[in-house]
Every structure is written in structure tokens, then in C-alpha cells.
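For clarity, chains are labelled A, B, C and D in written order, and residue numbers in each chain start from 1.
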Amino acid sequence: MDEGLILKLSCPDKPGLVAQIACYASEFEANLVELNQFTDRERGRFFARLEIDTSKLQVSVDDFVAGFDVLGKSVEADWHFRRLPYKMRTAVLVTRTDHCLNEILWRTKLGEMPIEITSIIGNREDCQEMADNAGIPFHHIEMKKGKKTGFREIESLLEAQDVQLVVLARFMQIMPDWLCQKYEGRMINIHHSFLPAFIGANPYRQAYERGVKLIGATCHYVTSELDAGPIIDQEVEPVMHHHSVNDLVRLGRDCERSALAKGIRYHVHDRTIIDDQRAIVFPD
Amino acid sequence: MDEGLILKLSCPDKPGLVAQIACYASEFEANLVELNQFTDRERGRFFARLEIDTSKLQVSVDDFVAGFDVLGKSVEADWHFRRLPYKMRTAVLVTRTDHCLNEILWRTKLGEMPIEITSIIGNREDCQEMADNAGIPFHHIEMKKGKKTGFREIESLLEAQDVQLVVLARFMQIMPDWLCQKYEGRMINIHHSFLPAFIGANPYRQAYERGVKLIGATCHYVTSELDAGPIIDQEVEPVMHHHSVNDLVRLGRDCERSALAKGIRYHVHDRTIIDDQRAIVFPD
Amino acid sequence: MDEGLILKLSCPDKPGLVAQIACYASEFEANLVELNQFTDRERGRFFARLEIDTSKLQVSVDDFVAGFDVLGKSVEADWHFRRLPYKMRTAVLVTRTDHCLNEILWRTKLGEMPIEITSIIGNREDCQEMADNAGIPFHHIEMKKGKKTGFREIESLLEAQDVQLVVLARFMQIMPDWLCQKYEGRMINIHHSFLPAFIGANPYRQAYERGVKLIGATCHYVTSELDAGPIIDQEVEPVMHHHSVNDLVRLGRDCERSALAKGIRYHVHDRTIIDDQRAIVFPD
Amino acid sequence: MDEGLILKLSCPDKPGLVAQIACYASEFEANLVELNQFTDRERGRFFARLEIDTSKLQVSVDDFVAGFDVLGKSVEADWHFRRLPYKMRTAVLVTRTDHCLNEILWRTKLGEMPIEITSIIGNREDCQEMADNAGIPFHHIEMKKGKKTGFREIESLLEAQDVQLVVLARFMQIMPDWLCQKYEGRMINIHHSFLPAFIGANPYRQAYERGVKLIGATCHYVTSELDAGPIIDQEVEPVMHHHSVNDLVRLGRDCERSALAKGIRYHVHDRTIIDDQRAIVFPD
């Protein structure tokens, strides 16, 4: 959908929620183009995502959005409207390897992902050239002179650029708690293993030594606990005994690119709802 | 869901359909447990499937179902209510190989598929023993004495047993038009290739000679045109140059079992809606 | 291959090994139908598997096998000849669920796996009927009266039946060390998670709570350390937020069946070589 | 392997071939690092690929290669030695879309594929910028002024640059017979369907209309017959009823990139042997 609204909502489950929401839309001639809902019966919680065509709306979009407050509050919902078209302001953090960055740049250029890359931030300079070719500002943040200073600089950049999404595209530094919390639900990481297996450093070496027959990558929201945030997407690739650690690194790159691209895609299209430790994902 | 209703519906698209349906349910305290919808914008058609919890319904289920007529007709819908729990009366047609039959029997016994197998019908006797072990009547229909007679006998059996679903589980006879039409939308076949590649006989031999690197199986509704009905599920398996035709047959069995089981599952849970040449599938 | 020999061999790597082995075979007109080799360059170790057609052998098969001793010893090899055709005497241990057992029985009956199932041993009686239908002796070993006694009874059965392979087909008891050691390299387990994730009990519950997007199953050799033996095969299946723990159990069954069947297949065709903590697998 | 030789060979099958080849290598202290063989028993043909470490060779590499003539001829073999390290001189032909080109450039830059891209040739100018960023000459060949002239120009470029491999990376022109024949076994195409389904134009539209549940891409050698050459690799991706033709195009890009990259990889590492209409592929 090119124009319109996306509504994300979660609230305690009770009968009639879909009717209430759909009627609110219908009342003003808003057309539901796509509707996904999920009822977690075990925990009594309702989740929904709606794509709303507003081309024939009888009121202004602003009024439609504002008017939802009454309903939203009455059902004790958390909700969020996104107005289309939009581009999410996104910063990409990198270290040395550029395959994830390349994937993001390529998909963005192609118009697959509605993001505007405000900047590429590297704690090394390896990705400078790729940023230059894409015409995107590259900021080199030197971490060696002190991590605290480095992360404060990163924070300043993100704030100055009004960044809405932070993508860790093989950024090989552990984010400090305060920054994780500040960007909670808005910071996405790609971990190069099939989590929760092989948390932490050198997952491909760990995988090699364990002799697994599949390797993977996990795209997840960043939380204070290392590699433990809500998972958005996971991809795997078969491997064999003759694959060296370097082969796993090579094969794993394809999982990483794919999982990260899907993770970002779902996030920027508002297809994810974080539910405690898990992510609800309505894929397209 | 153990008790309740499933509603399947398709109609010309127009704004407010979800609201109208959801409000009808809400009005009588029917709770929508699961809602899937799809709007085919190109062709202006709306499709939906709803799982409805009727435990707190303010009217009788019969009245609720009957009362939907007004709304259904007003939006020019095709619709269907299924009352849960239910078991779909199913006949399985086989020839020699029994892997698909074994899969169906096993999943049925486990309670994975809400079907009652009324009979196993074979144009050969190879599957008699498996039927006996499962305690299901086996009917041997001899096709050599004349196909016309044979298919009339099959039709009589299906009618006598009030069969709602006919599964061709590697039944190696081409169904006559009149029988295809009679069971349109209620007859499912497993074809041992990745359709539309390798239509007709000996698909594994064809695949071997073409040197493909993946083989597959396709579960589809049976129509008068051979192997051209709406596809419900497709599965593939990688193959290599060293695999003989027999290896492809062996590896293909896993695709066939899996695709057929999913196809039946989606059908009996009313997760499919036939839309001309295509099948809309809301997977679980 | 129906008749002939399979040779499995591992030894320190050095130049000329393939030539030496192939020349030995060639000398007596043994034809190499299939040859797989792997050189672990990091650790300087050579592994090979050969399928040898002996139909034109110039000496007796016994003499051919015996005569290999000189070469085998001179290169400090571990090696093993298997004479075809053969059926591996196999005991299947089960508890309640029967999907893995069903898979093994079906593939065995079909001739896919060259095994003879000597017995099915259950610490519960749930699988008795399936064993009866297949015409295979079922032994109920009561573990409640003491695990030590139970495992001694199992050992006696395995010995009395001269079992060459023990398959734990969802056997929900932890094997004692002494039995693991006795059947080292000859005992295969199916674990219902993508190891090393979710070791131990209730892996599907663990997976649900972690919110993973893929679940899996792992077929591995049993060692004293729980769920840590060499991995033969792993299979995964995508899952979503709306899948309950019971759904994961259902979907996981397909991974379990498939991974276990492949694991057994590779083992009985001598396509595995255990190399410390890892399994080298030459798939067919 | 960084230095050494790769030997590819096919010949009529007979006992002792591996021994003869391995002994030839062993005689001069050439070490077989990797050996893959395949015996097509149905047709009595033997195929092999050997990676040979020549660091301790007792003769010059030239003499070793030349000396193989006697053996090669005596077994009526087609064979080929490749001296490592090498980079295959490769031209990439494109039209408008650049995802396949981007993939090739990225993998080449990373050192994943031992190729040197001599030029990018486009019948449109869309990929000019990407070529420029990569520092590779771009040649725009205008086809509108006459296809014959255009293809002659392409041929001249390929000859002038001494191109060893021609990659059709979504080149939307049908190659003339004479050019197919000239580069037989050295021209690779990516077709955007799961061949042999949906041969010819607009495969994604065809797939959409047929309602398939998986779409795919096929990497194959180009022959005179359209989309019928030996298949090297095939990839698939699941699709659903709600995916439009544009969605299929988007999802298909991932299959295309992956299949083409694997196809090129296998070819340039001499892991393919064309066997009539099929390609034997020894994957790494």
C-alpha cells in the first residue's frame, strides 16, 4: 500500500475487539486492506496489525487517528499509527565486514525497504568506501580511546540525526545497557548463530567444534542481556564435516544477510510487536 | 479450537466487510479466536476465514448460523459454516505404494487430522494389509474388467458412505471427468512432481533425464484437466547427479507424504478457498 | 550396491594413501564403485569410505579382506570391512510416542534401510500394538521398580539378541554411563531440539519461551555426556508466534522422524565415521 | 587450496581407474587433497575431479601435466588440468536489473570467487553506475539497431578480452545459436523460474497465474535450445496467495542471486562436468 495508515495494537483479550476496531474504521469509510490478528489464549492478550486505506476517509487522517484514543484507552491498548508513505530514518553500525551493509544498501536503493539511511557509523574505517559509493555519510568512531566516549559519540550522532532505527550490521562491540534501553524496540542486531546456540564470541568456531550440521543467523531486538532479545527472524544453511571455520563464515554470510534483511523489513513495515521476550511477526 | 464454528467466506470486495462480519459475531457474544482475510485488489475480491468461539453465544448456534443469511446475501457472498468438533468422512484411494496411506493413517490415529476414514479403496490389493491393521474397510475395485464399471463402483462406494473428501493417495488411474466434476473441491491428489513441471506419467524419470537439482511433489484439487487443479501445497528436496531414478522415487516419497498431509490438513480445517485456478491457503 | 564390500578407514594423513588403497583393490580386480574421502588438513587426518564391487575378484572375499591387514597396519589405520548384503541387527527403544518407531518400521518394511529389528523395548506399553502389527517382539521393561535393574534387563536383551545397533526412538530415560560406553558408536538418539540449543528436558517448551522462529531435531551418537555426542543429522522447521507448545510438538515430530531416519540410514550404510566429538558423514 | 592442480576427467568406466590415476599422482609425490568421483553405472561412464597438492612434486608441474597424456589417452578420457592459483576471465552481460550483477561484484571483491571481471556488457545503460563504482569497464551495446550487429559486437568484445566465461546475469536477449555454440560449456545463464516449469518470457507472471506455492530460479549452461541446457543449481522460495506478481519478482531475486552465485562458483572451481544434457556437480 502506498498511502494510508498502519495500526499496531495490543491489549488484554476480550470478545468484540475486532468488531470495535473494524467498526471504528468503517464508520469513517476507512477500508481495511490487510488485517492480521493473534490472540494469545494462554496469557489472554490480543495483538493486531491493520493496513488501512484512507483514500475515501470521511474525516481528516489526523482526526481519524486522534479519534481512536477513546477506543484505544477503553480497551487498555498500546497502539501506534504509522502514516504512509514514510521512510524510517535509520543508522547502520558496522565494524569490518560489509556484506550486511551491502545488502541493506542494495535493497534500500531498489525501494524494497522504506528506510532512509541517515548515516553509516563504523568503529573501523573498512566500510568507508562502500558508504561513499552509496553517497551516505560515514562516521568513524574510534573506540580504542575509550568505549564510554565512543558510545556517547554514537548517541550524539543518533540524536542529531533523529534516528528512528539503529541497525547493528555486524557491529562487533557490545552495546552498553543505557544505550540498549534508550533504543529499546528500535535497535536490531544480527547474530551469526542460530540462537540460543552459540551465544557470544566466535559462534562459527563454536559451531565447527560442536560439529553441527546446520549453521544459522538470528536477527533480534537488542536488549541489555547479550543475544537474548526478542527474535524476529532466523535462517539456516546446511554444512558438512569438510567445511572449515572459514567455510562456515562464508556460508553463514548468506544466512546473516537474509535474516537481517527480513528482520528490518518486518520492523519498518510495522509487522512486529514485541511481547515481553518474544516478537510477534506478521510476515508479508 | 475444540468447539465452535469456522466460517469461510468470499465476496466482491468493498469497504466495511470485516466490520459487518465482526459486528454480527460480536452482537451475539461470539468471540473471534482467529481471523484471516485476504483482499485480492487486482480482481476486487475479498476472502476470509474466521474461527469463532461460541461458548458464550447469546443465541443457539443454529440461530446464529441461520441469521447470517441476511448479511451473507447482502454482500453477495459464498460462505460456509463448519461446526466443531467434527470429523470429515474421508475415503482414501490407493494403488500399490502405501507411504501416503501410512502417513494419513498415522496422523489420523494421532488426532492430528480431524477425519474419519470410511474406507480405503484400491485398484490393486497391495494396501489391504495396512488397511486391516488399521481396522479400516478395504475395497478392491478391479479396473481391468473395464474402467467405466470400476469408476461407477467407486462412485457407489463414496455415495453409500456419504464421503465428504476423496484423497488420491498415489492412485495411479486418471479420474474421469464426470467424477472430477462431482467431487469438485472435495477431491485432493498428490502428484509426484513439482507442478507444472513433469505433468503426466513417470515424473521422476522425466526429472532424472532433465537433470534437475530439486525434485518435488504437489498436492492439488482434482479438476477435469490433468494435474492442473488449484495447488494447495508443494514440497521439494535437493537431488544430485548420482541419484538414480530409484533414488528420486525414494527421496520423492518424503515430499509426497509431507505435501499430501499438509494439503489434507489445510482442507479439513477449512483453511483453503478455491479461487478459480488458484487455492487461497491460510496456513496454521 | 547389492553385493560387495564397504571399507571405512581413517588414519594419519600422508601422500599416496588413495593410490595405495586403490592399487590394493585393483590388484585383485576389485572395482571401486564409490569412493569418498576427506582430508582434515588442520589435524592431519585422512578418512575414506569405499564401495567395492567384488563380483570379478580374483581371490576369495575373505582373503581380500584379510590381506588388507598389511596395508592397514602400515598406515596406522582404523578400518572396517562390511560384507554386502547384510542386515544390521537393531533394537528400538521407545517410551510413549510412536512416530519415530512408525517411521523406522515403515522404511524398514519398504527395504529402504538394511536393518533387522530384533525387538522393540519400551519402558511403557504404549507401543506394544504397533510392534504387534509389525510382527516384532515387544519387551516391556518396567523402570519404576528401579532403574538399575531396568537397564540391566535391557542390556541382557541386547546381548541375547546380539544387537549391533541401538536406536533411542524418543526413549525418555537417561542412559547410564556404563551402557553408553558399552554401545559407543552403536547407539543413536533423536533429540527434539536443534542442539546445542535446548539441551535436556522439555526442549519445545524452552523453544516456545525463547520465541525462536525455527525448531529442530538432532540425531546423534550417544555418549556419556547428555545430548553432547557426535551429530549425524539435523532438521529444522519454521514456526511462528501463534504456535503453541503443542503445535511445536506436532511440527517437531516431522523433524524428529526425518533426522532419525537419515541418521540411521547413514549409520547402517557405513556412511559415518566418528572423529572425536564430530561425525564425518558421507551422505548418499 | 591456494596452489596446485585441479584435474577433471571423464571416460568409459572400467575397473582400476582410480588406482591408475592415483598411482600416477603418487609416483611423483603429488598429494591428492580432495577426490570426487562418480560412476554412472547405467551408462558405463566414469567422472572424477581431483585437487592435487604439487608442493612436493618431484618433477615440474608442466612435466607432470604433459606426462598424464599417456594414461589419459589409454583410458579414452576427456580431461583438463587447471593450475592454481588462477582467476577466470569473465564477462557479465546485463540488461536492466542489477541484483545478480551486484551479487557477483560483491562476492568477487570478497575473494569468494576466483574470477576477474573483464567487462560488464549491457544492452541498456542501467548498470553503468554500478560498473563504474566497481571500477570495471562497461560497454553499452545497442540492440535496437539490429540484433545481428549487436551480437557481433559482443563477440568481438569477448574475443578481444580473451574471455573464458560468459555470465548472463539477467540478460534479457535470446542468444543466437552460433554464439551459444561458440561458448558451449562456458556460458552460464540464470533463468527466473524453476525449470522446466515456466520456460520463456514472464515466468513470474506464469507462476502467479498457475498459483504455485514455491517459486524458483535455475542456473544452467546455455545451449541452442532455450532454457534447456544442463542445470547447475536451482533454488526455491515459498510463496502464498497474497503475493502479487511484483512480490514474486522481489522474492525471486533472492533465488536468482543465490542460484547464479552457486552456479558460477561451481563452474570456476571446476566442480562441474557436462554430461550430455545434465551437469555433474561436485559441490564444496
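Convention: a residue touches a chain if its C-beta (ideal position, glycine included) is under 8 Å from a C-beta of that chain, and two chains touch if they have at least 3 such contacts.
All values derive from a computational prediction rather than experimental measurement.
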Both-way neighbours, i.e. chains that touch chain C and touch chain A: B, D
Reference chain B; chain at largest CA-centroid distance: D
For chain A paired with chain B, centre-to-centre distance based on mean C-alpha positions, whole Å: 37
Multi-chain contact residues (two or more partners), chain D: 242
Contact footprint of chain C on chain B as seen in their complex: 99, 102, 106, 110, 112, 133, 242, 247, 250, 254, 258, 284
Residues of chain C defined as touching chain D within the complex: 15-16, 18-20, 22-23, 25-26, 29-35, 37, 39, 41, 53, 56
Footprint of chain D on chain B - complex, ascending: 38, 42, 194-198, 209-214, 216, 230-234, 236, 240-242, 244, 275, 277-281
